[in-house]
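For reference, the structure I am asking about is given below.
In order of appearance the chains are A, B, C and D, and numbering begins at 1 in each one.
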Amino acid sequence: MMLEKIIALSRKSSPWVCHFNSGGCNACDIEVMATLTPRFDVERFGIQLKGSPRHADILVCTGPVTKQIRERLLRVYHQMPTPKYIAAVGSCALSGGVFYDCYNVLGGIDRVLPVDVYVPGCPPRPDAIIAGIVKVLQKMEADALELGDQGRASAAEGGNSRVSH
Amino acid sequence: MAIIDDLFKILVFPGFLFVVNLGLFLEWLDRKIYARLQNRVGPPWYQPWLDILKLLSKEDVIPEGASRFMFTWLPVFYLAVTVTASLCIPVGTYAAIYSFPGDLIVVLFLLTLATIILFLLGWYSGSPFGRVGAVRAVTQFLAYEVPLVAALLTQALLADSWSISLVMARTTVGFPRFVVVHLTALAVALISLQGKLLRVPFDAPEAETEIVAGPFTEYTGRRLAFIRLAERTEMAVGVGLVSDLFLPFPARLGVLGFVISAILVTFVLSVLRASVARFRIEDTTVLAWKYILPFSALGMVLAIIVRG
Amino acid sequence: MSDMEIPVGPQHPALKEPESFRFELEGEIVKSVDIRLGYVHRGIERACQDRTWVQAVYLIERICGICSHSHTTCFCQAVEDIAGLEVPRRARYIRSLIGEMERIHSHLLWLGLAGHEVGFDTLFMYAWRDREVILDALEAISGNRVNYGMNTIGGVRRDLTDRDVEELRSAIRILEERVGYYTDVALEESTFRNRLEGVGKITKQQAIDLGTVGPTARAAGVNVDLRRDDPYAAYDEIPFNVVTAEAGDLLAAAEVRLGEIRESIGIMKYILDNLPDGPIAVKAPRRIPPGEACSRYEAPRGEDIHYVRSSGGDKPERVKVRAPTLANINAVAESMKGVRVADIPIIIAGIDPCFSCTDRMVRLEDRISGRVEVLRWQDLSRRYRR
Amino acid sequence: MLPELIRSLFQKPATVRYPVERVPAPEGLRGKPVCDYSMCIGCRMCSRDCPAAAIEMVDTGERTPRPVFHYDRCAFCGQCADTCPKKAISLTSDYELSAFSKDDLVSLERRRGESAAG
């Protein structure tokens, strides 16, 4: 379908990113910021960092989920318009990392929300973050072409994203 | 066939499609120049169009606490107003769709209306950031509208007409005699235009690090796309107006001259955006009333003296 | 406009970390502020008690990703103190070197963020572009751009090769020129100055009373620097100046930080010229003998204090961290009264906050009544205000 | 500020062409850790010292268990390589590890029961 192709192209060429630190150590955050700077300049791919989750397509989460932040993370996620994607950046966001047994840490982002792409590293280099975002874009394109919004939602529930509330 | 001809003029050239695409092109140009000034690569040329397409295909959310009616219709009004304003802008020697003596006043009125809509957009979005942004937009509007009008008035005085096409045709008449007045008015117009379009250093109404995105914080999907289109159209109108009224090219080189002038004006605006920090809203007002307004008044007085 | 409340955080473009500030506004003026910390509280101090001494170093490193070397050095010094280990001279020099590189990257980061907060994105882009120079050098030496993992108990983990030294020298040349440029031009840019001058101002007396540390204190004229006052690592052998300013506002803070970058470059040059030969680490025992120690370190943001107690096992018995931002955050609350909305982000950013260092929880347990109380930030600052 | 801006306009941008051209990582980069199972003696030292508990000792059919890395938890600190008495563990310069599923972030494909390292 022509229309679907155009939608897929526009989505993958214009991903707006909202960054959320769910309790990390800042390292991943500064590397996410560094992807904006002249050396890496993600605006090349049309990526823009947006302050409002309402404008975002991809939620980039860094850090393990602390007990206090959980609710806020969910709220930010629910504020985003569909289709929405989540990239977990950094080992803490993947599984809790070195904070795996801390009493105030719930674990990785996927304990709370469905994660689409995992970017390991402590912190990942900006190159690795870009590579991760490119993976999200691939997924976006595939979703727009094959599944559409409804299909994606059901795929996220039954697919590889393990959600446990 | 007159109807088809009119429809073509209104919808395609120099009407809706042309002005919207010009606006998106200027957005790309602005972002690209901004990026290059910062030693970055910047977005590819098709970026603004794809941004709009993507927004059109996203979910629409009406947040709790927002006025449903206002939230739905204001973005449409915003676009309608700016596109209507564009109907009076001649594209170089290509006459405007709707041109009459005094159309300059109408354009200014419509652009003012756009700012009022911006205020309502923020006020009824049900977000504290939106409200702060809305109030700031109005505060800033008071500071910038007067110098902008004064600068355009100077040109109108020099040309002795309120018609855009006449002013444009007479821009370079009596050239060496008017040059000082001309440049004064141009400087004031460029700075006020930057304020009108809410760009750094006058972007306090939508300052990202202070109030997220100001009036637009809560808007998503199609509505945001409309708002962006309206903003770009406003930019095209503002830049086009300044090009027509102040630069010699549109009257000499026609459509090509118009585009060249628009690019030149955008370049100046981008450099201005890249080289300064944001003003606080209070500083904006003080700056406008203390320096820019007297300066524009000076231009006007000079114009009267020179005209004799 | 009637009174309204705006929330800044936990998710807000001005904050890179989740903290919540609620501002009650009267027009554009801030009437009161409610700070709610604790979103990044992870329980690191407690978790240290479940880690071996070797593992604890890496956990401590991740207290904060920006001043990771500060925390590990501080912790390792405390442990070495307890165990009575003599750190080789070369290791002490390398620790100082990495510490200064970290200071440079941290201050450039601050400069960029300060520009970003006031809408001067070009400065952000330039400062962060030049920051890549020092990050490249750090990556070449330590193998990672941010969490360097250079420290281990008893010394450092990686040696400096000749090629690293050469690369560092060329990096220093670039940085020297750029930092000179920022001092000359960026601080002269009138719109930028206008946003910093007189903003977030504290007097010298306030700076002392509120217990501020680091550049925040030095900008207000308090001449304090642990590298000189209580030397650690190799600082007792290295000549350098302590940069101070008088004004106490954010412009002074920016001047102090830029001045410190120049001093750090000087220190780096001295270290590269006078790098002693020898081993880079001594072998640390798996079990640290019983004892306790307190260690201080001048982190980029100010004085960092670690208290470590060992009961003779292979795990620490207690680790307590006092990060610099905790000492400085009172200054933020103080200078926030009556400011305009536009200045909020830059004032918060002004102390170069690092909430991941700061988020602690204080839980008071009344042994007799069994009442458990978790203190909020306001309770803390009210109780312990001098 | 203006001269610098204009100079940047005509300068080549500082941007690298990643991901079109891969920028070589520095030699000592602490990337993905791998274990050479032929050198490993299964002493469990790496697993004991790992600060993130990212190393799991798995029975691969040899006399002693072998380490399996969970890259989703690894802190890439390199302590395992430092600790290993046989120097069987090394850190590669591979850093682009992003994956759609956490199952792909384990050094050993346990689902299929293969005993391949990598």
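The rule is simple: a contact is a pair of C-beta atoms (placed from the backbone, for glycine too) under 8 Å apart; a residue touches a chain by one contact, two chains touch by 3 or more.
Small disclaimer: the values here were computed from a predicted structure and weren't measured.
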item: Target subunit B, source subunit A, minimum contact steps; value: 1
item: Inter-centroid spacing, subunit D versus subunit A (mean Cα positions, whole Å); value: 21
item: Distance between the centres, which are taken as Cα means, of subunit C and subunit A, whole angstrom; value: 28
item: Subunit B and subunit C, separation of their C-alpha mean positions in angstrom; value: 44
item: Distance between the centres, which are taken as Cα means, of subunit D and subunit B, whole angstrom; value: 52
item: In subunit D, residues with contacts to at least two other chains; value: 1, 5, 13-15, 51-52, 75-77
item: Per-residue overlap in subunit C, given as positions that touch at least 2 other chains; value: 12-13, 58-59, 62, 122, 125-126, 129, 144, 147, 189
item: Interface hub residues of subunit B, defined as touching at least two other chains; value: 35, 37-41, 208-209, 212, 274-276
item: Touch-based graph of the chains, sorted into line, ring, star, complete or other; value: complete
item: Partner subunit D, residues of subunit C touching it in the complex; value: 51-52, 54-59, 61-62, 122, 126, 129, 136, 139-144, 147, 149, 152, 157-158, 181, 185-186, 189
item: Complex contacts: residues of subunit C adjacent to subunit B; value: 1, 4-7, 12-14, 25, 28, 115-123, 125-126, 129, 189, 191-192, 194-195, 340-345
item: Subunit B to subunit D touching residues, read off their complex; value: 33, 35-41, 271, 274-276
item: Complex contacts: residues of subunit A adjacent to subunit C; value: 18-31, 33-34, 37-39, 49, 51, 53, 63-64, 66, 68-69, 72, 76, 92, 97-99, 101-105, 122-123, 125
item: Residue ranges of subunit A in contact with subunit B within the complex; value: 6-7, 9-11, 13-14, 37-38, 41, 43-44, 46, 50-52, 54-55, 57, 79, 81-83
